[in-house]
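Notes follow the structure.
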Amino acid sequence: AGCSSETTPQAPPKKAALVIAQGGLGDESYNDLAMSGFTAATKEKGVEGQHIESSDVVAQGEQLLRRAGTSGYGLVIDLEFSHGEILPTIAAAYPNVQWAFLNNKIDGPNIASVLFAEHDGSYLAGALAAMMTTQTGNPKINADKKIGVIGGTKSVGIDKFLSGYIQGAKDVDQSIEVLTAYSNTFGDPTKGSQLAETMFQQGADIVYHVAGGAGAGVIEAAKKNNRYAIGVDDNQDKLAPGFVLTSVLKRADLGVRRVVDAYADNKPLGGQVINLGLADGAVGLTDFEFTKNEIPETVRTKVDELKQKIISGQLKVWNVIDQGYPAWLQG
Amino acid sequence: MSVFAGSNRTKYSRAFRAVVPFLIALVLGGIVLLATGHNPLDFYQLLVREAFGGTDRIAATLSAATPLLFTGLATAIAFRAGVFNVGVEGGFVFGGLIGATVALHAGLLAGMVAGALAGVLVSALPGWLKARWNVDEVVTTLMFNFVVAGVTGWLVTAFLQAKGVANSATPLIPQSSWLPDLLPPYGLTSAVLIALAFVALYAVWIKHSVFGYELRQTGLNTRFAAAQGIRVGRVIVVSMLISGAIAGLGGAAHALGVVHRFVDGFSPGYGFTGIAVALLGRNSAVGVVLGAILFGALASAGTTAQLFSDIPLDIVDVLSGTVMIFAVVRLWRQR
Amino acid sequence: MITGLLMSALLLWTPLALAAMGGLLHRVGGVVNIGLEGQMLAGALVGALISGTTGNWALGVLAAGATGGVIGLLMSLSITRLGANEIIAGLGFTIVISGLIGYLLRSVFEVSGTLRVAGLDPLPRILGLDPLFWLTVILVPVIGWSLRNTVAGLRLRATGDGFDAANALGLPASRIRDTAGALAGVFAGIAGSHLVLGQVGLFNEDMVAGRGFIALAAFYFGRTRPLPTALACLLFAVFDATQARLQTAGVPAQLIQTLPYLVVIAVLTATAVRDVRGKARRAG
Amino acid sequence: MGVRLGARDVSRAFGPVRANEGVSVEVRAGTVHAVVGENGAGKTTLMRILYGLDQPDSGTVVVNDRPIRLRGPADGIEHGIGLVPQELAMIGSLTLLENLVLGTEPKRGLRIDWTVARSEAEELASRVGVELPWTALADNVSISVRQQVEILRALRHGADVLILDEPTAALAPAQVDDLLQLLRGLREAGRTVVFISHKVDEVLAVADEITVLRGGKVITTRPVDELDRSSLIELIVGQHVRFSGFVSSAVIADEVLTVAGDVSLSVRAGEIVGVAGIAGSGQDELVERIVGLRPSSGRITLAGKDITSLPVDRRRAAGLGYISGDRRSEGLSMDASLADNTIAGTHRTLGRYGWLRPSAVRAYAKRVLDGYSVRYGRTSAAARTLSGGNQQRVVIGRELDRNPALLVAAGPTRGVDVLGMAYIHDKLRALRDNGSAVLLVSEQLDELLDLSDRIIVLHGGQVAGEVPGGPESRNAVGALMLGRKDS
């Protein structure tokens, strides 16, 4: 694949690797999003990029990262959470390589960490859903004060989203009921559609999914039942225009982009913690491309107010990862 | 004289039979690669380099082979007793969870023992059901894998979850309770020695111990064994318990040596690959070692090969699935 | 709400029952088919692609059945002609197929995991349910009757229970077995297409999600009789459909998921105990 | 014209074993043609070739005087040949009617016309003079019923040449008579029968011509009136054999075995007690209860010790030896080595601290196998590689070498040729004379009469009566076997 004859070979080309997390590519969320950021950034910056998947990414972590360290890569971005503990040792063994880790803060002179405030974005979605579920002028909405959320697995990483969502809803109206369920799979859309359909039958009219590929089924179910879904990670509004109320963005792509850009531009990265949240637009809601007309102005204003409060620090959303489980969500 | 010729020929044909599935897989994989515009020879060369090209890569291959040594051996023992145990996966996973949890509080040795016991717990019921009521073990052990997956998931999130970790995971085990590394810095743990020791023990034990004899006879012909006074029910149960213990021990060794905790994605199906390892190795000790190294090499090389090529990892599944299918075929008609 | 539950249970029942009927026929013919999972996945992909390119659901379903049939035949040939172990052949074929599909998605379609096919034609509804559901409803008794009363049914049963004996009678036992294997593949392929065309409208490489194994459990559960097998599938489907309700009632999701498997073990045990007891009584 | 079915210079080898070597036979139409020979002489192989189930390496099958290639059993059936195999080809989970019509079902459209099937079956059965429970599962009926279905099936396929491979091996004397009568009836009706048996008397009673095979080759084919019992036996084994005949026991001592319950009996040291009965009269249950393979309701003692609920190994330790009637799947493990087969049951006493020394195992096996004149290559060879007669010797050697206080011998010579039979009989008598108790179960009346000091006859799971051993008891035993008390 090397066609370096066109460019004048000065320094060896910069090389970056992206280690894909469990679930692999095709999860329609985290991995795919990070991958898209990686592809775009490496192309733009003329960096040679490779991604690595493994069905045994947990156990192969050490061998894999070491191999990457010895294979001429200047930057290695690791998406797999379970590699957190081994990364410092490996990074120390390969001091000339720049390492980056997502979703957790890892210390090391040549390690950059990227963190996301997913709970903040989910909080806004919960608040929005709570305000919407009583807008009975809308044919997709019933009078019940019920909304739903579906997680991919029962784990703190996912419950961080769920907890924020429930908190947001309850802060709007204590009496709102939030149905929760887990699909136990990130790959089976049938399961997602099944769970969503049940929630719709139980009276929910807005269901938020944090379930990757299984979530695709949630969105299909919303379309079929004339209800709303809320997407996650990427902007999923266009998957079923008008039936996806909004999506809670977690722009892993932006995080990856930042890291690749800095590396390509020879900017310092080591030891940095990149916090991405509402303020950066890396987390948040979409701008309601297809549902603008269905969401009353007042509601949109209220959501914006909440967003500003969080950014300013006036409002603090519960973070399951640091704080453990809150009263409104069982651990 | 003719007896000699016969045994030579079977030895030769046995080796040949073990190589053929591998060749078929390479040809089939080659066709897929060619059809999608890749050069199979280059890719296979890359695979070989990534599997065996240097101390670090050999360490990686052995490391990937280690869990397969445990699961392959656990499977082979049950198969030898005529019990088609496909539940080694469950024992491995449960052993990993319990091993990791116990080691957290009570140290390395306790963790290993607890892991083995956890594996025993998983295999005991199907074994007893088979021995006592002749309940088809293929189905019960297969079903048990799913049950164990559910129960471990629940145990982790409900009771054993580490704080501040985004995955379903137990807390990190303190370094003092890890299985020591063999070849620092290459991350090959002493688990591989434990596994090899057990395989060697199996080789001698199955052939030369009284219980090994009873186990072999039960597997070859249960009615015969029962009529000569071998307590086949007990043999079946014990073989399942040993199989489970080794599976669980493998899980604990994986937790204490490699992952240092129990976490989502702990086993990508080591138990199922173990079935292929046992069958490819015809349930013999040497065969299990070779089979584990083969599948370990495919796994480790397949992953790092991506650093040097654009070929999707899934091709490795095509290769190992094909090896599995053809591992057990009879390639010519017995005349 | 009850009708809602029932409808979703019936929707979930269709692919399970179809695949289970395929597995049942193969089992009657003497082979335990663990490869249904892979055949369903292939059917799902081909069903999606053909329905999308032709804009005709029926062609999609047919193509899915044909694909499953070819895979089923290949698998059966490896068992009947090459003497492969049926369990391993099933497992191996499933791994190869999912590997191949993952590979093709990434290298030909340049997507990973999920494939949205433009112009996909979903199954129409007849009396509120799709044609494949009605097909399955008809198939169950037809298979039961045919096994008992047709030449093909009798010969299949004979081959399954006495392969060598059937051969000695001049029946083409291997060919009969292969036919059953191919038929199992056809049913599983169609079942896979139902997941796409009848349920979610898109393809995902993990979308079969163990349904092939549930189908296997179902025909074990039903002791290879069509009606009890279909009812077992219904039981599993209802389990699945009630999951969300149980979960909102506070039962942990992971535990709920183990229920069908536990039920299979319990039923298998109960029938085995009855068998052993029955035999002891006849003898004593 | 005349040769309805035959072989011309047929050879067939299995690896190094030459099962058939230049075999030529001619079976004339309308005759009963017997094929006899030792175990492994190649009889079954030849029959499979004649039916099309197997293909010769060289040579050809002859049908109606013309050489023919049979590519499969379908071809055989087409040429009017029917085979009732040595291992019956019935399918246990199908009914007798289903078994009968399988392959040639009367159809109406796609479905089977059960009404026609049933009436055809009834008609066929009445023509041959039997009555069958058509809706019973094959698994649940006796061997002789299954055999009748097999014969009817062959007839239904239009077979006018019927090949029967050892059809009488598992039949009681009365059933044997019925079968021979049936064969004669078929001959009268113009059909041709090829008949294999190890029982010289049957062969002489029913056959028109007899072909003798030895070592895969034809020794001779002769009309029956040129042969008598001893000349035929000599042709079969290739040497003169002397049968010792009935010799009763010299010293009978204390009771070794007592069984109380549905069937009550006792066996004393120094005596052979025979158990007779038509198949399914409860012999198998009795044996399995004594050996410990089946739970028992009554009380069983061995050398004064209550063994009613002991497992098999403890009974063996208490002095039990067992020759299984099912050599292929219970007496031997065909895929295990000869050494492993020989030490089975003794392996625990051979072991030291739970380990078996290979040299000790080999030495033990060699001693036993040599002691019982087993012809074998190495102790590591699989039992499967031995001929049937030698396989049986392995079992006999294993059980007798331990010098059991009680030997339960079920069909110890089933399927064994004449020479082997004489050898085994001598060994059993020697064991008795050494002071052991022997319980002998056999379907072969001659064997029972020859060996037993007394004979217990079972009928319908009960003891129908007891008679002394010796040839004079023949009629009495025969009557009791059918449940008649008179003689």
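The letters A, B, C and D name the chains in turn, as written, and every chain counts its residues from 1.
Convention: a residue touches a chain if its C-beta (ideal position, glycine included) is under 8 Å from a C-beta of that chain, and two chains touch if they have at least 3 such contacts.
By chain, UniProt protein names: B, C = Simple sugar transport system permease protein; D = Simple sugar transport system ATP-binding protein.
None of these values were measured; they are calculated from a predicted model.
If you take subunit A and subunit B together, the chains in touch with both are C. When every chain is reduced to the mean of its CA atoms, the largest separation from subunit D belongs to A. More C-beta pairs touch across one of B-D and B-C than the other; that pair is B-C.
As a whole-number value, the distance joining the C-alpha centres of subunit C and subunit D reads 45 Å. Per-chain Cα centroids separate subunit B from subunit C by 28 Å.
Rounded to whole angstrom, the centroid-to-centroid distance between subunit A and subunit D, based on C-alpha atoms, equals 75 Å. Shared interface positions of subunit A, defined as residues touching 2 or more other chains, are 154, 184. Looking at subunit C, residues 106, 252, 254, 257 sit in touch with two or more other chains.
Inter-chain contacts occur between A-B, A-C, B-C, B-D, C-D. Of all the residues in subunit C, the ones that touch subunit B in their complex are 32, 78, 82-85, 87-89, 91-103, 106-108, 210, 213, 216-217, 220, 252, 254-255, 257-258, 261-262, 264-265, 268-269, 272-273, 275-276.
For subunit B in complex with subunit D, the touching residues are 2-3, 6, 208-211, 213-214, 216-217, 220-221, 223-231, 335.
The part of subunit D that touches subunit C in the complex is made up of residues 53, 72-74, 76-77, 83, 85, 89-94, 98, 101-103, 105, 107, 110-112, 114, 153, 285, 294-295, 297.
Of all the residues in subunit B, the ones that touch subunit C in their complex are 32, 36, 84, 86, 129, 133-136, 138-140, 142-144, 146-147, 149-151, 153-154, 157-158, 272, 275-276, 279, 311-318, 320-331.
Those residues of subunit D whose C-beta lies close enough to touch subunit B in the complex are 14-16, 291, 293, 311-313, 315-316, 322, 324, 326, 329-336, 340, 343-345, 347-348, 351, 354-358, 377-378, 381.
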